Amino acid sequence: MSEEFTHISENNIPHMVEVGDKAVTKREGVASVTITLPASLLKELKASDSNHKGPILHTCVLAGIQAVKKTSELIPLCHPLPVTGVKVSPEIDEELSQLKFIVTVRTDGKTGVEMEALHGASIAALTFYDMVKSSYKDLQITDLMLLEKSGGKSGHYKIQR
Amino acid sequence: MSEEFTHISENNIPHMVEVGDKAVTKREGVASVTITLPASLLKELKASDSNHKGPILHTCVLAGIQAVKKTSELIPLCHPLPVTGVKVSPEIDEELSQLKFIVTVRTDGKTGVEMEALHGASIAALTFYDMVKSSYKDLQITDLMLLEKSGGKSGHYKIQR
Amino acid sequence: MSEEFTHISENNIPHMVEVGDKAVTKREGVASVTITLPASLLKELKASDSNHKGPILHTCVLAGIQAVKKTSELIPLCHPLPVTGVKVSPEIDEELSQLKFIVTVRTDGKTGVEMEALHGASIAALTFYDMVKSSYKDLQITDLMLLEKSGGKSGHYKIQR
Amino acid sequence: MSEEFTHISENNIPHMVEVGDKAVTKREGVASVTITLPASLLKELKASDSNHKGPILHTCVLAGIQAVKKTSELIPLCHPLPVTGVKVSPEIDEELSQLKFIVTVRTDGKTGVEMEALHGASIAALTFYDMVKSSYKDLQITDLMLLEKSGGKSGHYKIQR
Amino acid sequence: MSEEFTHISENNIPHMVEVGDKAVTKREGVASVTITLPASLLKELKASDSNHKGPILHTCVLAGIQAVKKTSELIPLCHPLPVTGVKVSPEIDEELSQLKFIVTVRTDGKTGVEMEALHGASIAALTFYDMVKSSYKDLQITDLMLLEKSGGKSGHYKIQR
Amino acid sequence: MSEEFTHISENNIPHMVEVGDKAVTKREGVASVTITLPASLLKELKASDSNHKGPILHTCVLAGIQAVKKTSELIPLCHPLPVTGVKVSPEIDEELSQLKFIVTVRTDGKTGVEMEALHGASIAALTFYDMVKSSYKDLQITDLMLLEKSGGKSGHYKIQR
């Protein structure tokens, strides 16, 4: 077995890696995801008199928070973890015509919450797509990635940009 | 309320759109997602004598199939749908050094299965990330998008590329 | 066995009633639930300059919609049903100082969606409680009840008030 | 943002409150819910020779226990918590012609189990409704409320009656 | 690919078999499972003055019914199916000192409910084990098998004994 | 109430046993399950040139791992537990013509993981059945049992054979 694939055991079978001997520490994971918006959709979403931006983005935010809690159900080899806090922050960048969701997850646990943050981000973005797909089927979700991670033996990680 | 946001009702509140009057028809959705692989990971994954490529990709495929069935649990305003078949096809493009998952979902239902296909693709990709993240934290998941959709009143849709 | 308890079989054991011979018809269920608010909380919620009423009530609405889809998972003898539409309407009655959630659920199915509507209403109310409980632990949730039901052999039912 | 709404962040968006710095302590929550029974249903339920009271009430009790474990899946901003024990006690008050469910939940955790107790009570009551609704559609579920809470920084709380 | 393994596609990857072209028919599946009881446990369970047999067996029955509804969540390549009725019948055979659970599931669907019946039986048996394991860790669950199946193109199947 | 039935309270009602006072210790549970294979199926599965054995057994293994994480959702009176590692090992015994799955689960918790191991084993076996049932409906799943258990006050248990 290769060192790259720690989730595959020596006899070439997937397993859930044993983490019982790792320390319980405060851990944090931050992930983000990007959707580039056509001008008309950006305008609609930013309209100053818009009162529907609220429910659209709140729906994405809530979907992301709830998805964080379901991560170990969707990602087969993930450990179940007691998350202690979740933030999903939508950010609209008018210049780039982009909507981003930044998801921050914390736990006191034996493994990190990278997957939780990434899962929350992906579901926030898919929820947005779901709500605009009748008019914008060709939107793409991109740059789903880990921004930062801290806690645990491997220490602080921050993406190079 | 804007025409863009069909999931927000006239009094500015999210709702699950009523589809009871739509016809039950055969519907299909196809989505894909892309992960660009560093050379070392591509090599590892393609190694001709590799016997662990199997369990790595099978794990992604199975995660994607199971995610399809859970779509309406994760995407708040999605309708529950009885999917009749799911395929998750991993494709390795050596030239571009990319791994893609193409997900095809079918149903006999009153609404489409776009979200199901997209959800399956996103979870297949996140599952891959989970299994290589100890060595490759900076992998990005990109181009999560609908490729094609058929069935239902809005007819055939195919992405322009 | 008594006629009152159709979910208990002749040998005194719970079962899921067979509905295979019932017709698939359009069915609707409407339920409501009430929370009486202390004056300070009502004021807070109604404040004309309030911009947080949105996320508070949207959170309840989304929780109610998602709960509708999970009804057969929580109520042991409920049949799984493909809901075709869900509306959760919050209503603030200033005179009575009450918040109500009215939940309307539709399906094309072989059994009714009363439990789905009631479940959605109960979760919307509990979600509201969750968000104010740090200051208002003694709020009571009352009058969780079916308002109306149509479709199916038993015909139209409307509560007498 | 108001002090009443701790689940809404300063930028007016729902979040899961961070509890990582709170102490793990033994916590308990007790909730109850009431259903007033028509005379004929009370009689049926209390019939001394009745052997179906068992499965009816056991079904409610089990539904309540299982609901406790699913609380953080239904209430969007609830933290997942490892419950250490659950009791659901049905009580029939013949004088008032009422059925009550008292639910007691315990945990060793960083937040309380009020929502768990309330959720268990609501599902026990809805399960009862489900089993008698063919004859008693107009039953109302009332007085769903927290009776008592202990553990954690905010100390002991007991409802005033 | 072998004919035995219909869930593995020609390129050697698991998939959910497409059933969209199959007819919706009434289908039934019946499964059973057996637990051989030590004399002391049988006696305890059969004690004529026993009033706890009820809750023990009802708990198994309800667990089995609810498991039926979750089959496609647990068995990766199973189709989600709208079950129309479920019966879980416990049977105590004093001569053989055995407890059996017979599970009957019906649907109007495009695929059979064999897996649903088997899953319900396995969970009923495991629930029994859970409740007696403090005293009887060495109980074995055996003979989990399909007894009968009807509906669909492959016609009636009944096990030979 | 009998000593055998610790999950039934003194007033004859199921409850989730309180474990708050038990120590958090490393606990392990090992379970197994057996399927006797007809000669043709064994041959198919063992074929030296077979490249489909992989996906068949990987599907069972992944289903077993994911089932472990869902145990407290399926077994009504089970406590939710943070599993720290899971292994599902398929073993083919050519002489006995048997396929076995051995499931090992670990936790740092207040109760044991016997049910988790047993649940994982049962779902691995049912998943195998699902994939071969079109040709082999009469396969039986047998000898689902706890092999070993350690950690906690009751000490080490190992089945006598």
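Letters A, B, C, D, E and F name the chains as they come in the text, with residue numbers starting at 1 for each one.
Basically, a contact is a pair of C-beta atoms (placed from the backbone, for glycine too) under 8 Å apart; a residue touches a chain by one contact, two chains touch by 3 or more.
The structure presented is a predicted model; accordingly, all values stated were derived computationally and were not measured.
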Among B-C, E-F or D-E, the pair whose interface repeats that of A-B, with over half of its contact pairs matching by residue number, is E-F
Comparing which residue numbers subunit C and subunit E contribute to their contact, where sharing over half means same and under half means different, the two sides are different
Rounded to the nearest Å, the gap between Cα centres of subunit C and subunit D is 16
Note: subunit D sits from subunit B at a C-alpha centroid distance in Å of 37
Distance in whole angstrom between the CA centres of subunit A and subunit F is 32
Going by residue number, subunit B touches two or more other chains at 13-14, 54-55, 58-59, 62-63, 66, 70, 73, 76-77, 82
Among line, ring, star, complete and other, the chain touch graph is other
Per the touch criterion, the pairs are A-B, A-C, A-D, A-F, B-C, B-E, B-F, C-D, C-E, D-E, D-F, E-F
In their shared complex, subunit B is touched by residues of subunit E numbered 9, 11, 13-20, 72-73, 76-77, 79-82, 109-110
Touching subunit F in the complex, subunit B uses residues 54-55, 58-59, 62-63, 66
Contacts from subunit F onto subunit A in the complex sit at residues 26, 57-58, 61-62, 65-66, 68-70, 82-90, 106-108
Per the touch rule above, subunit C residues touching subunit D in the complex are 1-8, 12-14, 40-41, 44, 50-52, 54-56, 58-59, 62-63, 66-67, 70, 73-78, 114-115, 118-119, 122-123, 125-127, 129-146, 149, 157, 159-160
